[in-house]
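After the structure tokens below, expect a handful of questions from me.
Note that the chains are named A, B, C, D and E in the order they appear, and that numbering of residues resets to 1 at the start of each chain.
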Amino acid sequence: MSIGNEQTAGTAPTVPGQSAPTGHRSTSSPLTRVLGIIVVLCIPLVVWLSFVATPPDRVQGESVRLLYVHVPSVTVAYVACFVTFVSSIMWLWKRSEWWDLVGSSAAEIGSVFTALTLVSGMIWGQITWGTAWEWDPRLTSTLFLFLLLVGYQALRAASPDRSARSRRSAVVGLLLVPNIIIVNRSVEWWRSLHQDATLFRTDLDFRIEGLMLFTWMFTTAVGMVLLVWLMFHRFRVGWLANRVEEQQLSEAVAARRAEATS
Amino acid sequence: MLRDAWLVAGKDLRMEVRTRVGLGQVVPFAVLVLVLFGFALDPDRGILEAATPGLFWVTVLFAAVLGVQRAYAVESAEGVRDALRLSSLSAPGVFLGKTLAIAVQLVAVEVALGVGVVILYGADPGGWVLLVGSALPATAGIAAAGSLYGVLAVGLRVRETLLPLLLLPVLAPVLLAATRAFEAALDGSPADGWPWAGLLALFAVVYVGCGIGLYGTVLEES
Amino acid sequence: MLRDAWLVAGKDLRMEVRTRVGLGQVVPFAVLVLVLFGFALDPDRGILEAATPGLFWVTVLFAAVLGVQRAYAVESAEGVRDALRLSSLSAPGVFLGKTLAIAVQLVAVEVALGVGVVILYGADPGGWVLLVGSALPATAGIAAAGSLYGVLAVGLRVRETLLPLLLLPVLAPVLLAATRAFEAALDGSPADGWPWAGLLALFAVVYVGCGIGLYGTVLEES
Amino acid sequence: MTSVIHLRDVVALLGGFPALTGVDLDVSAGELVALVGANGAGKTTVLRLCAGLVPVASGTAQVLGEDLGRNARAVRSRVGLLGPSGGLYDELTASDNLRFFARASRVDLTDVERAAERFGITGRIGATPVGRLSTGQRRRVALASLVARRAELWLLDEPHAGLDAEGRDLLDSVVRSAVAAGATVVIASHDLDRTEGLGCRHVTLAGGSVTHGGDHAA
Amino acid sequence: MTSVIHLRDVVALLGGFPALTGVDLDVSAGELVALVGANGAGKTTVLRLCAGLVPVASGTAQVLGEDLGRNARAVRSRVGLLGPSGGLYDELTASDNLRFFARASRVDLTDVERAAERFGITGRIGATPVGRLSTGQRRRVALASLVARRAELWLLDEPHAGLDAEGRDLLDSVVRSAVAAGATVVIASHDLDRTEGLGCRHVTLAGGSVTHGGDHAA
């Protein structure tokens, strides 16, 4: 789990929401610690469920276990994108730092999960299809989703000041979900209207049930908790970065004033 | 709003007439790209014929990126941006004006490419109605999305490179749908193509709508 | 001359480090183009497989156009051009420096594209020696030609659109030769490829030579 | 006297740098004020902030009765700003530029023509693309565009720079008649002779805040 | 006295327009000359022509003993031109700019550092990308770069514009010591008080040619 900097550096102004003890040098709080503990405790369970408890698939063999990474991560990525979308709308309405941070945190974590989907899918594809990539609708639209998220972050990185950054990224974030839908739908139609649709998935039409279903749902749930946990931390890192920026700023203001009076 | 749109589009087209960037350069560029493709993809007609509609629209996309870049380069000259923001132009008006000016240039590019494709790739133009009926909404959609994302990149030092990154993934559906529609038209089965033209119209409506709604937010940023 | 080249290349790479345009944006752009191609050209592997080398190099060319544009955008800021002409930098030095800086960026693009092609197009990288042995002179040739034509377009208001128009036709031979060499490498018949690599080296030498000889004329034009 | 500009402890950031560090400034209707101060003191930033082009990071800023933090848009179309670079399309001719910005600001075209004539933007100069004019000629085009606007609040950033002697005198007379017609004028300048000649109240900036004369009482 | 600039009936075209229509001008070594004249008279063009940046369309032009028509290159590295826009890379910091142009002009880095200090390009300003400096700060960077160059012939285009009072005085003292060290200085300016204060010989341009003072005898 090397996503983001869960442990923030530097002196810590207090983090919003949680009453962090003074001098507390991390972005954690009782709530995130609980979330973290849940994730940490569940991971061995997930591993056990997906590698030991569930049976190998008739067609897929052992490789079916990638399902438990692949599918939950794409679900989490979708949720993260949706959060970005909603936050962008809320930012345009309320213009608050809070929504800006929620949206950008979600987009960043979403891009990580999208990458995870791509990578796990490609590994899986290498094993089952014998090729890592096909110009299949889902694959293609997932790749575009990833690129949209990269674009979002590039735009944020390129914007010099905070108000321009929030404003521009909110516009892109708001377009994110319509974009995803249009891209996704059109890519689906693109193939389905095609005469000889090469449906790679037909042979994988395994019926998920019983323990497999449970494992899948359980992993997804753990993924969601992980998302929330990471969002908390990423949000706080962003919040603290803004505070550090402000603190540096007030120092800079003071220094500039002093320079003027001297 | 429409008055402002005319004013802005008129200004852009006047600049175009003065500098001839569109006709003199974007169009040749587009034709050149077509030639390069013809060059890079096998010499035997096989691939080219099958891929003609796709290549046509990929080329239009590249020309569009160039056109949008140009359309906003003039607006990001020092001070001009301030001047625009200090004017009484309505943001939706500016958006529509820019979109219109970009669309006009794109149409010129498409006509030239169409001729190029017929001559160079030996495409057989049939199904005129569908060709035009899908090219128009596609152009509107590309221009509207380009105009909206173009203003997002304005004023950033890195706009030359950021714009394609933002714009191309968004335009992927247009590429798909327009390619499909053209394929249907060239295959002589227009019935297959009209749903795609409908999708293109939908896309155009969505982006023109988003542009009208959101352009102001970006332009007026203070 | 070499000292000047280092100075100029160092300045450009320092700017790159400051702004991250190359790594942050040109590389994703290149990957994007690759995806669009994969997308527009039929879904069945047929075309893609046959066309992989061609598409790879067409994409490199587009990225090169962007890179050159960026490299000379910084030089065409008002007054900078005068300042350069008033300096004691030797023109061949400036040329080599710009070429080097562009080439470094291109190599990054090519590596990313190589990975992309292997993953997305399912290309099977074999014949490493030939691949590298043809990519290097091709890169040098593209960078040299880009650098030479880039300076031609500097200072003209229309450089965004003029540059590709000038550059793409001269690079057509590079495109062809590099494509052939890559095809040979991927087909596992490197013997067919080496003559093309030789041709690429020849191009590189010619363009670097022309650049050294002619750059001064263009830069110093008074 | 109504207050046209009212800034209290205004901080403004440019790319993260505190260009203004707590500006207090009051300008009443019909006043003629000169902002002076060393290079980098923040004069340009104050003008752009009052035009609604630079966001207010903290503090209260009211211009023409509107709060800049909430309603910068409403201010923008009512001020006339002359920036250092003029804000003209290099590719359009001088007269096309004037006409475009006049239409865009709902200004009468005859006003523009009169202003253009006054600043000598006629004949060849009017028909030349602005990018091919000399420094001073370009300034004159920007000035003509500004004058035609008849804004309520004029914000002039080093307006005399680049103008020849005749142009500077012309500018002064234009400023005087604007004030006579009820406009408020704020000039950022290093040319104290000129601003004194105009009879400006001088406000000194240093290090991003006002050190002298921000207030009428001071 | 050797002649540093010797122009006879020089015509120069900018984009087809005859910006200079027959300029006669002589400047001897060690002289301090001011080019004055209305906007569009051709001052900037004369300076750029003498720097070898504008081609001579007809007439004879000799600068620093070289014929501009034949050997403009040889002149370029020996003059120092301060243009209106400074000629700096916006993305590089002030000190990186100074260092790059110093190296490019074979200037000693310690000279540059001294000049930078003199013009206040230290601390934050030195470490800021030039594109984010104020007008006057940018002028100062350009000036520091020029001063470090120690050219034989200085061509200054409205050098006082944008500078604060202290900067203008500093510039004057720099110009004086350059002349004392044997350099020749030509200034295009609208600020006659300054140029008179410097003791310049005034040369008046109008309509692209010299109307007064082109010659020592005149």
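Criterion: a residue touches a chain if its C-beta (ideal position, glycine included) is under 8 Å from a C-beta of that chain, and two chains touch if they have at least 3 such contacts.
Not measured: the values here are computed from a predicted model.
A.B. asks: Cut subunit A out of the contact graph: what components remain?
C.D. replies: one piece
A.B. asks: Copies subunit B and subunit C touch; is their interface built from the same residue numbers (over half shared) or different ones?
C.D. replies: Over half of the interface numbering overlaps between copies: same.
A.B. asks: What chain lies farthest away from subunit A once each centre is taken as the mean of the Cα atoms?
C.D. replies: Following the centroid criterion, the farthest chain would be E.
A.B. asks: Measuring from the mean C-alpha position of subunit B to the mean C-alpha position of subunit C, what distance in angstrom results?
C.D. replies: Roughly 26 Å separates the two chain centres.
A.B. asks: Whole-Å distance, subunit A centre to subunit B centre, using C-alpha means?
C.D. replies: 32
A.B. asks: Measure off the straight-line distance from the CA centroid of subunit B to the CA centroid of subunit D, and report it in whole Å.
C.D. replies: About 38 Å separates the centre of subunit B from that of subunit D.
A.B. asks: Which subunit C residues reach two or more other chains?
C.D. replies: Those would be 19, 24-25, 28, 32, 39, 157.
A.B. asks: Quick one: which residues in subunit E touch 2 or more of the other chains?
C.D. replies: In subunit E, 84, 90-91 touch at least two other chains.
A.B. asks: Got the subunit A residues that touch at least 2 other chains?
C.D. replies: Within subunit A, the residues that touch at least two other chains are 144, 147, 150-151, 154, 163.
A.B. asks: In their shared complex, at which residues does subunit B touch subunit D?
C.D. replies: By the definition above, subunit B touches subunit D via 4, 7, 11, 14-15, 18-19, 74, 77-89, 220, 222.
A.B. asks: Touching residues of subunit D toward subunit A in the complex: what are they?
C.D. replies: Residues of subunit D touching subunit A: 11, 13-18, 21-22, 41, 55, 206-209, 211.
A.B. asks: Please give the residue numbers of subunit E that touch subunit D in the complex, ascending.
C.D. replies: 14-15, 17, 37-40, 44, 84, 125, 128, 132-137, 139-140, 158, 161-168, 190, 192-193
A.B. asks: Give every residue of subunit C touching subunit A within the complex, in rising order.
C.D. replies: Interface residues on subunit C, with respect to subunit A: 20, 24-25, 28, 31-32, 35, 38-39, 43-44, 48, 119-122.
A.B. asks: Using the touch rule from the top, collect the residues of subunit B that touch subunit A in their complex.
C.D. replies: It comes out as residues 148, 152-153, 156-158, 162, 165-166, 169-170, 172-173, 176-177, 180, 192, 195, 199, 203, 206, 210, 214, 217-218, 221-222.
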